[in-house]
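So, here's a batch of structures to check.
Below are two complexes that have chain A in common, paired first with chain B and then with chain C.
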Partner chain A sequence: MIRVRPAGGAGRSLCTAALPATNGRAATGPVVGKVTDDHPNTRRTPTVTVGSGSLAAPRQRTGPVASVKDLSVTFRRNGRNLQALRGVTLDISSGEVLALVGESGSGKSVLGLTLLGLHPQKTTTIAGHVEVCGQDVTAAKPDTWRRLRRSSLGAVFQDPMTSLNPTMRIGRQIAEVAGSRAEGVRLLNAAGIPDAERRLASFPHELSGGLRQRVMLAMAIAGSPRLVIADEPTTALDVTVQAQILRLLRGLRDDLGMAILFITHDLGVASQLADRIAVLYGGRIMELGPASEILDAPAHPYTAGLLRSRLTLSTARQGPVGTLPGEPPDPTTPPAGCPFADRCALVLDRCNSEIPTPSTWTKSHDVACWRTGGVVGQEQGHATPWVDPAPAPGLAILLHDVAKSFKVRRGLRSQRIWSLRGVDLEIAPGEVVALVGESGSGKSTLLRAIAGLLEIDRGSIELGMTGSPQMVFQDAGASLTPWLSVATLLKERLAGSNAPAAGREERARAALRAVGLPQEVAAAKPRELSGGQRQRVALARAIVVPPPVLLCDEPTSALDVSLAATILNLVGQLRRDLSMAVLFVTHDLAVARVVADRVAIMYLGRIVEIGPVDEVVDRPRHPYTAALLASVPEPGRTLDAARGEPASPLDIPTGCAFEPRCDHASDACLTSDPVLELAGPPTVDPVRLAHKAACLHRLGSDLARAAGREAGREESR
Partner chain B sequence: MAVAEPYVPDPLGPARRFFRSPQSGPRLSGSLRSSLRDTNRAAWYAGGLFTALTVLAVAGPALAPHSPLVPAGAAFTPPGHGGFLLGSDSIGRDELSRVLYGIRTSWFSALGVIASGVLIGGLVGLLAGAAGGWLDEVLMRLTDAFLALPGPVLAIAVVAALGPSLLHTLVAVGIVWWPFYARIVRGEVRSLAARPHLEAARLSGASRWSLMTRHLLPGAAPAIVVTASLDVGNLILTLAGLSFLGLGSPAPAPELGAMAARNLSYLLQSWWVPIMPAIAIFMLAFLSNMTGDFLRDALRDT
Partner chain C sequence: MNPLTFAARRLGAALIILLILIATMFTLSHLSNTDPAHAYLGAGASKAAVAAERVKLGLNLPITTQFLHYVGNLLHGNLGVSYRTRNPVTQDLAEYLPATMELAFYAIILALLLGLALGIATAARWRGARILKFVMVSGASAPLFLLALLGILLFYGHLGWLPATGRTSIPNPPTGPTGFLTIDAILAGRFNVLLNALQHLIMPATVLAIGPAVSIGRVLRGSLVTVLREDYVRTARSKGLRDRAVLLRHALRNALGPALSMTGLQAGLLLAGDVVVEQIFAWPGIGYYAAQSIPVGDFPAISGVTLVLGLFYVLINALVDILQRVADPRVRA
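Let's look at the complex of A and B:
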């Protein structure tokens, strides 16, 4: 449970607007009778009930709702001290969205938990000063925290499945924080849950990920908190749903006037919501300022590096993408100077010995860097373009009408779900095709079928060349046998392909060199390696015997931005050096654009659009592709999310599967099931490279315009 | 909130963990190096205890001051008198010597049954778990059938058919003991088989045999070792119970369970005669359980 409310809270209305308190600070909102005047700032204030249906009016935006000064948080884990935060000073003003951006291990979640008072007391040392809602909580007792969380704080975490109680119906869980069932329904409505009344009877596992996150949000805003802490609330969601949740968060902030501490690893997501951005690295704030300034003109080399290694739909793709070499410092032995010093291209002598103090860069924009001259001139020169090998004749992969179903048991009935519903695809040797789609689209199933790990129900898979395809998995750690050393795994692959025993040692070493790993890694077990190193080891195993086809299953989605960029560059280098065909599964169009020659968009077990990357990204013909593109969060873009969530493969709509979410759908889409048809320039050589879409009204064509007019007419009627 | 202080290893840590109830909270999954240090400590304790017990069992005859079978003095001498550290029994045999020999018998019998259980059960479980499908079905139903046999009744039947002997009892116990291991190994192997590392190994071109022995079995090893070491105490008690019922070595062989049983009538006038072997059983079971617990700590993070 995140927020526990006493039974006395029953009947308390969300729809109350607090009057400003006399001390000039916004009031803490309606307070349960039990909470008395033992804290000067938690005072009972007269409340005004607004008519049902509308939410509380925005509060006055004055004074910080939370502030930390010189905060250090140290955990004791198995006898070692982990310094998660080291001297963080930060204010969150009433009603503002402050995005806390950082890579894994930067301490961003720790700050969120500190403001919620959710650290284990025994193993945590908190030094400095923490104030929440005007109350000094640096050494607050659990009781004080409970009262604060109940009256003024809300929280949303990354995984709503683990944050919700799986054994309780939604209705009971929401009523527990809302005070009453009716209030719960109103909260669910506010969180944009369709048919909220009916959802009360559902268990969390019966809801989709997006709906679960909306329930969490509804619980977080119960009682009009002054501050909501959202820790990567959209990371586990599909892009279209992420765009919806971001829009919802923005709307809730505008309606309720609460402050949001939005914790994320993605500057693009932060750009969609944040008023201010704080960039955290190695437990310290590197840069803090207005979102637009940080995104347009970062003053810290780390922020600049993060922005540079972030892939967007306009990243140059002729050569390797910009990276941020190195890895974050170990939190148990933090460096004496700037934590970023050993990765910084602009490092000074001073950086290694002295911790830079935050200095004012512009008004309300602080930066902790000794180079107060900023980061101009730091831009990396244009990378040398890739040199593509001459195309080889023939095909590496030929898929024809591939279909795969799984049997699932629902209660007593068993049902078949079709994960792949007829996929045709040709990939030439040396070509990279990206397979893009949301969860449930069947992209991973297709990959596993090609790898031979799954039997298909229908169709054929032909691999044009000798040699077995190799695969790189999303979770590199889990794909390496934990108790075998890296050298053992590499040599096993060599033995598996009947390589002569004599040269195996040398070839294993060469493979490690090829993926940029030091030779000492050979003796290591997977768990002794970092996430990026594991993914490199997985790549080394895949290419130690160069395969004709490399299958990549979201190899970068679990990695930090800077690491992801280096892995993508590595794949780009290896596929050209070894002339491998690559089928690269990803949910991220920006990644697909950088890594692939062609991109295939999948929806519910089918390819709905395929074509050369630039064609598809610049001129999407299928409404689904257009919706995916419009949901990519990037600075300076307003997201336009598709409505709804992907239909369940258990219940595929008749006609066009995308029809229920499509803005361009007509009556014909309800009945006819479109197949891939030419959507781009009519003459392409070879035919394989043609731009095709499976849509009756291919966008940009005359048909689509006609359909649009028709739809407009119907609406006006 | 505690004040940061330098870390001092806690020599009683494993003992504290041992006495802590499992509900008292999950252990924080720590960083690698420190968990290794912790792990190493627990492994040392486990290894030390196991070695100590085995040395005691091997060196029993050398340590025993008297013969376990021949009377060495007056009957019913209390402990500490007449050169008998633990007293003498109803016909004047040295209790200490008999207990030492008894420990030797119990310890090696338990290890023997466990070893056979791990071997047979491990093989069946590995085959069933790795193969899946009908072979899994057949092997597991067979395992269930053996699991349904009541141990003591089977032991009585075997002893009745083949005559009383420790070996016969051990065979009977061994027959009902292996199914536990088959189930554990199969469960572990099946969950490991669902991990991507097995698919990656398959794509690497590893043979079926190598998949089973290199990519699956080592993952099940911690569970087997922990179960087996916790099982030793259990088995010592079971065997003592069976010999208490007269299903072990025939008299006058020194066996802890039988010694306690046959001398129970002297409990009131000469308590040490039945109590000393009982204490030995308790100590043996307790120490081997502790070994198992340390092992579990040592292997938890792998």
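Let's look at the complex of A and C:
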């Protein structure tokens, strides 16, 4: 439980007082510094509690705290006009959480920055009407914006690693908005930072990602702003930490009553928090309505497509997953009609020429589509199931007790951090194993060790077949040499093989065909391609000489939902066509479930649970796996976040490494370090496929699920 | 790494550089045609006297032994005897060095201040930044001696605002304890001397500082522009801080590293320019001393000056490295 005493009633009460004057004319700006914490109101404000069972009565929710009408934002970049937003109309009511959902390039962050007045003035053209806190700020001066940000707005950004000043202590950074040390401590406490007093003296790099994002939140809520813009605040965090931050945001909103503009690419994350959802595409709002309606009964084909291509823990995995073909329009040359027209299965003639005007779908639910009423129930037909090739004998990868440490300097001493602490793993030819874990679990280190990019300290790595393993990375853009054409990049790999020179051109073309790219791409340079296309090129390069083993390091986590699904289908197709063994590293269990046959859960350098995907996802035996599963945000699901964050590999707990975060831990867990033991049905053939967990108290299937349900019920109460 | 360990290591590296410098000086003096024995005794000395002098100076010993003696003497602060002044070089340096140190000190401070002003003004696009940049870049593009002569013509000859030569025009200035005239004047309570000394410093210090200032300013501008695009600067703006607070409190410290390195590098160039500037302004420093010693091939004096300047250069750069660690807590860890 976190105790909060909301301060700075000054800033907000004035702003609220200004509200009745809002209708139409610009009210005199609520110009109150956040630093007025010695305002007499502060001390009299009653103490309230954040979290479930809040004592605070919900604040009155009247009038919009921000509204935009027919907003267009255009950037001038390299001599071209980039139309980021085109005719957006939106109100954010006082105290509501409005989720702005869209893929990259949809303009969602642009809208957030517009409401903060943070666009560079010289290169940005803003047309339409913007009102924040009752003030017309369409053409406001920088100083007006600055005072508005100080008194009434807060912001949290995506990457907590880069959003705090690295050379300034936390205490000073928070004092800039809190005004006093005591208020700073109070805010840090409100953001759920343990031992806040001591943290004031820390530098940002001394804190974990989750703690840093809590510091950002503490700064955002200083002075009780009326509106907090949260731009992908959980995207860079581990899934268990994401669940904690989402819960904190909800608690803060309930207690402080501010409105939140929650910008995200993930409808599942939005579902956890949002009262209303606005779906943005190509700089326009496609659909806007209550969260439950948008999630359950989307009225726009794009929203429906987004929901369909979103991977969940119940996505059908017998065949290719549903996708949303095509790519978003180029913002420099926006289409004349509906921006979604060329990807829409239900496209009409007028969609290409006329921009659909938003029409009311139900009360308080607008949709911008000419085909009102024709969308719901438009399901893609069931995909044809995968045809698995006959299993090949032998093993593609055999790992035995693999350990890897790195040397780090700490003061005078140098210390070893153990990134891998003894990993055993067997992968058969044609089999896909997903390695799932949070940051610091060692999953990428293991991949690089298998690829031969790292020397291991202990153990053995055997690759069963001839031919070197190939790797596909998260950032395809950075892994392709920028000045070489795609054809050159592909043929480069053939240079070492004994393929005849004449056949190389054809081999390169065949590889492009295999990954579903048009032949024109061969002449292009990587920077001329989109993110999805680049990842396809990276895959093409990996398979132009079919490797026995394909190593994938989060290849989809930088991609939008619809593109990620196509890449996963592609991996699924290629591994069956080429009988490749695939080791697929991901932090996302839903992705692992779709792409893999078996999943291995890693925690602090060890595999703590391994087994067939359905076994592990449906009947997790390790509490950590259960915690990961309970943190996956999905519509209609209450998250149950695990405590704390992964321990640092510098300082691994004795006994079971997960013990400090475990709800099931007993005294024995403090001392005994469990190894992988059989956790599922004892008779499995081959033995490789057995379900194993490294836990003294391997959760019984029924027991764990009941516990999960219980926790969920408690949460929602 | 522990700050003390780091400082110790950095100073150790500095020592090695100095040793290389010493070896170079030693080799150069042996490659030259000047015979020290001849130089000391004068052109009319007899062969026997020269041979005796060679034995006295240890020039008959093997070259490695001579080098060890040379280094040993250096360690004892013995830089030899100047052929020209017949004084121990150490004594000469003690006389000339404070003037140079004072000039270099004010020049570096001025270069830093001007560099900061130029860097910040151009990065933040302050009004007047272009004029500042124009003036400073023009100044830096002109050769030192031209700039110095123009300065003398304008501010001394034409306007009569500033003196043209020497450290002070007041007779019997205070002579101790620091050797810095400005500081000694304050200690002695003679503020007219302080004022006068500062007037004498303005022109030579500015001429020396302008080139380094432009380099520092350009590097600072580059890193500031990069830092101003960082996420934490956006965070600072989103808090509603004033532009100046964002720039000076959040951006500047993070952008200072490259500018500090540049200051260290430029300090070396500044010392090189010092020899020219001291000549023009008749500044009684080691540059002036060196300029007198070079034409007569006074090797002990030349190598003494070189070693002292090298020591400065190495120390300043070591100091810069240590300062950078203070500026950035991430490197400290």
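Criterion: the second predicted complex is superposed on the first by the 639 of 717 C-alpha atoms of A that agree within 3 Å, B and C clash if a C-alpha of one lies under 4 Å from a C-alpha of the other, contacts with A are read in each partner's own complex, and residues count from 1 in each chain.
Here is the rule we go by: a residue touches a chain if its C-beta (ideal position, glycine included) is under 8 Å from a C-beta of that chain, and two chains touch if they have at least 3 such contacts.
As the structure is a prediction and not an experimental result, all values here were calculated from the model.
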**OP:** Would you sort A:148 into first (chain B), second (chain C), both or neither based on which partner it touches?
**Re:** second
**OP:** Name the contact category of A:176: first (chain B only), second (chain C only), both, or neither.
**Re:** second
Original post:
Now for A:473: first (chain B), second (chain C), both, or neither, which partner does it touch?
Top reply: first
**OP:** Would you check which partner chain A:157 touches, where first means chain B only, second means chain C only, and both and neither mean what they say?
**Re:** second
**OP:** Considering only touches as defined above, state whether A:527 meets chain B (first), chain C (second), both or neither.
**Re:** first
**OP:** Would you check which partner chain A:167 touches, where first means chain B only, second means chain C only, and both and neither mean what they say?
**Re:** second
Subject >> First (chain B), second (chain C), both or neither touched by A:386 >> reply: neither
Original post:
Of the two partner chains, chain B (first) and chain C (second), which one does A:123 touch, if any: first, second, both, or neither?
Top reply: first
**OP:** Find the residues of chain A that appear in the contact set with chain B and again in the contact set with chain C.
**Re:** none
Original post:
Taking the complex as given, what residues does chain A use to touch chain B?
Top reply: 74, 76-82, 121-126, 139, 332, 448, 451-453, 468-471, 473, 475, 478-484, 489, 492-493, 495-497, 527-528, 538, 541
Original post:
Contact residues on chain C for chain A in the complex?
Top reply: 1-2, 5, 230-232, 234-243, 245, 249-250, 253-254, 327-330, 333
Original post:
Can you name the residues of chain B that touch chain A in the complex?
Top reply: 1-4, 7, 9, 28, 30-35, 37-38, 195-197, 199-206, 210, 214-215, 218-219, 302
Original post:
What part of chain A is in contact with chain C in the complex they form?
Top reply: 34, 116, 118, 142, 146-151, 153-155, 157, 159, 162-168, 176-177, 203, 205, 216, 219-220, 222, 229, 409-412
